[in-house]
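Look for subunit A in each of the two complexes below; its partner is subunit B in the first and subunit C in the second.
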Partner chain A sequence: MSNMTEVKIIFTGTMGAGKTTAINAISEIKTISTEAVATDETAQRKETTTVGMDYGEVTVDEGLVLRLYGTPGQRRFRHMWEILAKGALGFVILVDNARPSPLEDLSIYLDNFKNHIAASAAVIGVTRTDVSAQPDIDAYYQYLAEREEMHPVMTVDVRRREDVLMLLDSLLLSREFE
Partner chain B sequence: MNISDGASPVEKLKAAQEKQQVEKALQRLLDMCAGATGALVATADGFVVARVFKQEIAEKSLAAITSSVMSLAEALVNETGQGPCQNLIVEGQEGHVVSLRINHTRVLTAMATRNTRLGMLLSAAKVCAEQLASTLGEK
Partner chain C sequence: MNQPILSKEAIALMLRMRFLIKNEFGELLSFQAQDAATKFCEYGARSSQPALRELAQQLSSLISVPVPKTAQPRESSILELLASDLVEQPVRLVFTRIPAFVIDKPRRRCLLNFSFEELLEELRPLGTVDPGLTQVEPISPGDLVELEKKTISASLHGLMWFCGLQFSQGQLLPKPQSFPAFGLNRWPDFGTLPHAAQHLKMATFLMRKTASLDGLTAGTGATKNEAVAFLNACFLCGWLKRVEGVAPPAPAAPKSGLRGVIGRIRVRLGMSG
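Presenting the complex of A and B:
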């Protein structure tokens, strides 16, 4: 284990964007989950929602283990956002393109984790583009440019392992970890 | 935001009824344990159902945190093979906090001053949770 580097990565974004699914798609260990029966508008989309955190692990290169933490999506769980973000070296923000205002959704997490992201790195994964193709990637880049921020943006199907690994690859590329 | 927000009239009525039932049970808890300073029932996904407190508290945050820590405590006992989780006890310098699951969708958190015997708070909370489980059902 002596040559192992462990890096903490956060998956965040709105409820239903696919954080829990993404971590489950790539984790090499049995994931830890904290799902509770949903009583809010979540219930229209899915039965349960993350109230504590998700946790999984994946080895990307020999010697580099990513410790994957998924946050709850809803604002009322901001306390978990703060706790989980400590010491994170990268943020994966998942945006559900089928929600009414995906760019506004994105801004919630860019704003909330602003200082953390400034000190680390972020990548944006646009999900459920099969349900809604707009806004397209260009719109995301334009939005980021207006905010004077630069992060990679890509469309992903988080149910596919390759897609989630691709997100992590580009996150790792945008930052030197060792 | 509350559990009844955006709900149909029938759901609102049900939520109001539940709030009343839960408030009564929480009041009994406070009566039973002299040092108890407050108690709250939250949905498992972090909304306030009802609360009875001797002092002002940020009830919405408390409900959300209750659901988070309860879920994490359950993950902890399950990971360590000690599950299922029966209750969660936190001893602070200024007082105690206990959390218990009432049923699938409701969680109870109660707190007491540090001079209160932990056993007193815990047993009052357990009685309260059991009463509520039978009033509210399994959900």
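Presenting the complex of A and C:
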């Protein structure tokens, strides 16, 4: 029987927000993705989209492995979110700021994972602010305050490994100082 | 709407300037506008005629907010200036040692005739040296609209953050010095602000707990200078909270259980700052 401890971090958010890219930036194995040709609204942005999940991992040391899971972005796969979320160390919520209603998008994930986040932590990464600067970070904090929640919100380019590490670090530190 | 009261001297200058401006720019300026004097100054400053520029300079000094005298040289450092009430409303700051620029705090921006990087390069060698502030000119909403078209807009948080981290020299600004303990009302946007791992750690610590300066250094492993610079930067950006009642610094919890796991992951990913 293995003495390996496993912890998992969930990457969630709208389709095209960069979940697969973010996991790719961190994972030491080639990210395993279940993708299919996009046929719905997704097709305007991406040729393929994740319909199952993404998986990456980092071997921390001989006794610890960090598993990174990306949820499928489309809401019709939300039954899978609950399965993935159980026992997670925390949640990285990626929001595509260039979509029509980023704050409404965010609410979907905050609502859906509410109980899991309350028991762990979440960090919000806002992507594509170069395409759309609004809502700005203050608007995100205002929205969180209205929900009586407080999570780190940071603008990120998930193609940059240091940005993804920054998100993970704020998530880990949130757990450390709880 | 309250019309600013102009002195006789200011009105006399504006009368002399009015037709010079009309001749050069083809526009007969009104005396009645809310921001009339500021507008006269702007036209004068852009003039190719030395005489008109000189009149604009004189008028500008008459309508400017007087620069307060400071008791100690340090109070006129750029850090003290940015923390003062002088910059609560949109103002143009004119210095002898660095180029003039506009601070528009309500919209969290500065307006520059040069790049933001150039401003930082001008500020960097200044340190706590008095930048030689000579004028603080209030800017009307109408003039702000005009300025937007002619200047580069940069993040005021970027400027505040830079000055807080660079120029604190281990000394808390006067206002946060009076805070019994500190908290933050939001994380700084580390996606846009240059930072070290220690800043992320201090921010998360102060979002999860409240602490005195000693508590912050004890809880995060930051040095006093790092903590002071971070607190000043957060104060300037408006993110630092005053907290009443100081809890004694909690001894660091042993690295076991979840904390131990988190520590191992952070080390593995190169985050241990």
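Please note the rule applied: the second predicted complex is superposed on the first by the 163 of 178 C-alpha atoms of A that agree within 3 Å, B and C clash if a C-alpha of one lies under 4 Å from a C-alpha of the other, contacts with A are read in each partner's own complex, and residues count from 1 in each chain.
Following the convention adopted for this analysis, a residue touches a chain if its C-beta (ideal position, glycine included) is under 8 Å from a C-beta of that chain, and two chains touch if they have at least 3 such contacts.
Just so it is clear, the structure is predicted and the values come from calculations on it, not from any experiment.
Contact with subunit B, but none with subunit C, is seen for A:53 once the two complexes are overlaid on the shared chain.
Using the contact criterion defined above for the overlaid structures, shared-chain residue A:163 touches subunit C, although it does not reach subunit B. Of the two partner chains placed by the overlay, only subunit B lies in contact with A:34; subunit C stays clear of it.
Using the contact criterion defined above for the overlaid structures, shared-chain residue A:77 touches subunit B, although it does not reach subunit C. When the shared chain is aligned, subunit C comes close enough to touch A:7, but subunit B does not. Between subunit B and subunit C, more residues of subunit A are touched by C. Of all the residues in subunit B, the ones that touch subunit A in their complex are 1, 3, 6, 43-47, 60-61, 63-65, 67-69, 71-72, 74-75, 79, 104-105, 139.
Residue ranges of subunit C in contact with subunit A, taken from their complex: 186-187, 189-192, 197, 200-201, 203-205, 207-209, 219, 258-259, 261-266, 268-271. Within the complex, the subunit A residues that touch subunit C are 5, 7, 26, 58, 60-61, 64, 66, 89, 125-126, 137, 141, 150, 152-157, 163, 165-166, 168-170, 172-178.
For subunit A in complex with subunit B, the residues that touch the partner chain are 32-42, 49, 51-53, 72, 74, 76-77, 79-80.
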